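Across the two complexes that follow, subunit A remains constant while its partner is subunit B and subsequently subunit C.
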Partner chain A sequence: MKLHINGENVEVPSSISSVTELLAHFELQDKVVIVELNHDILQKENHAQTNVSDGDRIEIVHFVGGG
Partner chain B sequence: MSDRYSRQTLFTPIGEKGQELISRKHVLLIGAGALGTGNAEALVRAGIGKLTIVDRDYVEWSNLQRQQLYHEADAANRMPKAIAAEKRLKEINSEVNVVAHVMDVTTEEIEQLVQGVDLILDATDNFDTRLLVNDISQKYQIPWIYGACVGSYGLSYTIFPGKTPCLNCLLETVPLGGATCDTVGIISPAVQMVVAYQMTEALKILVEDEEALRNKLVSFDLWKNQHTAINVNRAKKESCKSCGSHPTYPYLSAGSHTKTAVLCGRNTVQIRPPEPKKLHLDQLAETLKKQGGEIDLNPFLLNFKMGDHRMVIFKDGRVLVHGTKDIAEAKNLYHRYMG
Partner chain C sequence: MLNIGPYSFHSRLMLGTGKYPDFDIQKQAVDVSGTEILTFSVRRMNIFEPSQPNFLEKIEVEKFKLLPNTAGASTAEEAVRIAKLAKASGLCDMIKVEVIGDAKTLLPDPVETLKATEELLAEGFIVLPYTSDDVLLAKRLQDLGVHAIMPGASPIGSGQGIINPLNLSFIIEQATVPVIVDAGIGTPSDAAIAMEMGADGVLLNTAVSGAKDPVKMAQAMKLGIEAGRLGYEAGRIPKKRYATASSPTEGLSTV
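Let's turn to the complex of A and B:
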């Protein structure tokens, strides 16, 4: 499956169906993240039931503490 | 001296009028690490009226790769970061009123620090302090600018009370230590990129050009060539305890700050006395010497090495216990030597 993530074309396994699975794929499952799917910001509680499909534009920002 | 700011005033969105505004503003900068030194230098060069800089730590050799105000002597002498930064900043621009505090910022300190402040810049390394800053910003309606970085990644967001969501809205939960304790290193361009984002937004706020604010959560990874900006306005929550319709400012209540803290990625525990003290470090040095330890002293702190352990004791009574992440062990050492 081809996704457009943070401005880049990225190929991810087609077994990934939800936003939660996508975050796990990028090892972001333990991070606090903000996800935008096709220009719509998602509520965190909806990550598990929100599906991703071929061609989606996704923006992912994760919070870090360093400074 | 008269054309000191000429390249900045020639820039139309600032101009002479903007420069005049900048010269009357007071910025509170919390943290004097990588982001702190970058932002501080930029603000002072830009001619900020007053800069208050606060930090709880001292300069170490591993800081010199990216913390731009410090040099080798600061690391060799273990100078408190706030003091070393103040000295260098005054050399860069003697017209700026630079005020430095060597202290840990919690509820009591922040209430004092924000008096008369126009903007708060975040250069801390932890979410406890950021959420404290977030609450005080809402309570007194002072904008603040979040910035953070790790590896080649960084992000920033400008919180404008009454207009944007706050950090509490965006996070929902406090990130756990493990997920944000950054032990993967950092390259200096990631720092500089966050500083550039923070400082540009700061200049817009200082010259009162609110229209120009970015209004987006921005992040980048310089090594992976990624960049993203998200409009997060929809994340603002009416029910938010920090910025909603019935705020309680949960992070300003005294109980939420413990007297001990494990410093992220540092194998170090900080212990604060219940009340700040005014220690006589030279007397303490004599006492500790009698117990057989190795002592180094500068006017601001005492470095004490005994066997496998090392403690750094500040004048205000704070102690950094190095070589452990175990709070119980650190407390044990603290009480053994500090009574």
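Let's turn to the complex of A and C:
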């Protein structure tokens, strides 16, 4: 499955069906991350029941140092 | 106590989390500063490097209120999106609206700041807009119902201190919400002056993170802010043109 993540084309196993599984694939399950799927910002509690599919545009962001 | 929206704070220092030499020094600086509010930015994650350390993992997050900023936004639309991303973390509902209008001076775009602020208030955020020292803009933001106003002392990271104390004093005088002096603070005395003028708090980052000894400077800023606040509450003496003796003029023993 091809996804467009943070501006890059990324190939991921097609066994991945949810946002939770996608985060686990990148070993981000324990990180504070925020996911935007096709311009929809997802609440954390909805990651498990939100599906990802071929061609989706995904932004994965987090908090970094700033003033 | 500093009250912002539903929250109360003992410390009047808000500390930025950018540009420290390393996380260890940063953590020590945060600890000695006594701050209860830490600012952050929202950026894309490098998904191929999950092990990269993050400062949030180095601190007890629940001990602090997180104040994400919308830095990187140059329009209201971008700022609102960043704010919503930050809130979706489930970790915070405060937002520092920062809409930069010019890359060289990093001065805020007043029109876009106002638009973003209005929208985020409607969305239920606790909104703290970073603004210039424009008195009427501060008033307009206040009229929208912001939870604090954050006028800059001077350009971000410049360390120039308070370059327009008159405007800042007007903003403080008319304020019905807390005034947090944000950006441009260079020294503990800058922070103290802001507090002596009646500001409710100070937000700074580079002055600490860029100091030769950030931990020591964090402590100095804490003390500067506390001294300034105490001085404000105590009430300064009026300035006089000529001297007034502090020693009695009567009973002088002469030879």
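As a convention for this text, the second predicted complex is superposed on the first by the 62 of 67 C-alpha atoms of A that agree within 3 Å, B and C clash if a C-alpha of one lies under 4 Å from a C-alpha of the other, contacts with A are read in each partner's own complex, and residues count from 1 in each chain.
Throughout what follows, a contact is a pair of C-beta atoms (placed from the backbone, for glycine too) under 8 Å apart; a residue touches a chain by one contact, two chains touch by 3 or more.
What you are looking at is a predicted structure, and each value in this text was computed from that prediction instead of being measured.
The wider contact with subunit A, measured as residues touched, comes from C rather than the other of subunit B and subunit C.
In the superposition on chain A, A:48 makes contact with neither subunit B nor subunit C.
In the superposition on chain A, contact of A:33 is made with subunit C only, not with subunit B. In the superposed model, A:6 makes contact with both subunit B and subunit C. In the superposition on chain A, A:24 makes contact with neither subunit B nor subunit C. In the superposition on chain A, the residues of subunit A contacting both subunit B and subunit C are 5-7, 31-32, 34, 36, 41, 44, 59-67. Considering their complex, residues 5-7, 10, 26-28, 31-36, 41-45, 59-67 of subunit A touch subunit C.
Those residues of subunit C that touch subunit A in the complex are listed here as 16-20, 26, 39-45, 47-48, 50-51, 54-56, 66, 68-69, 71, 81, 84-86, 88-91, 156-157, 183, 203-206. Subunit A contributes residues 5-8, 30-32, 34, 36, 41, 44, 59-67 to its touches with subunit B in the complex. Across the complex, subunit A is touched by residues 31, 33-36, 122-127, 147-150, 153-155, 170-173, 175-176, 178-182, 186, 217, 219, 221, 224-232, 234-235, 264-265 of subunit B.
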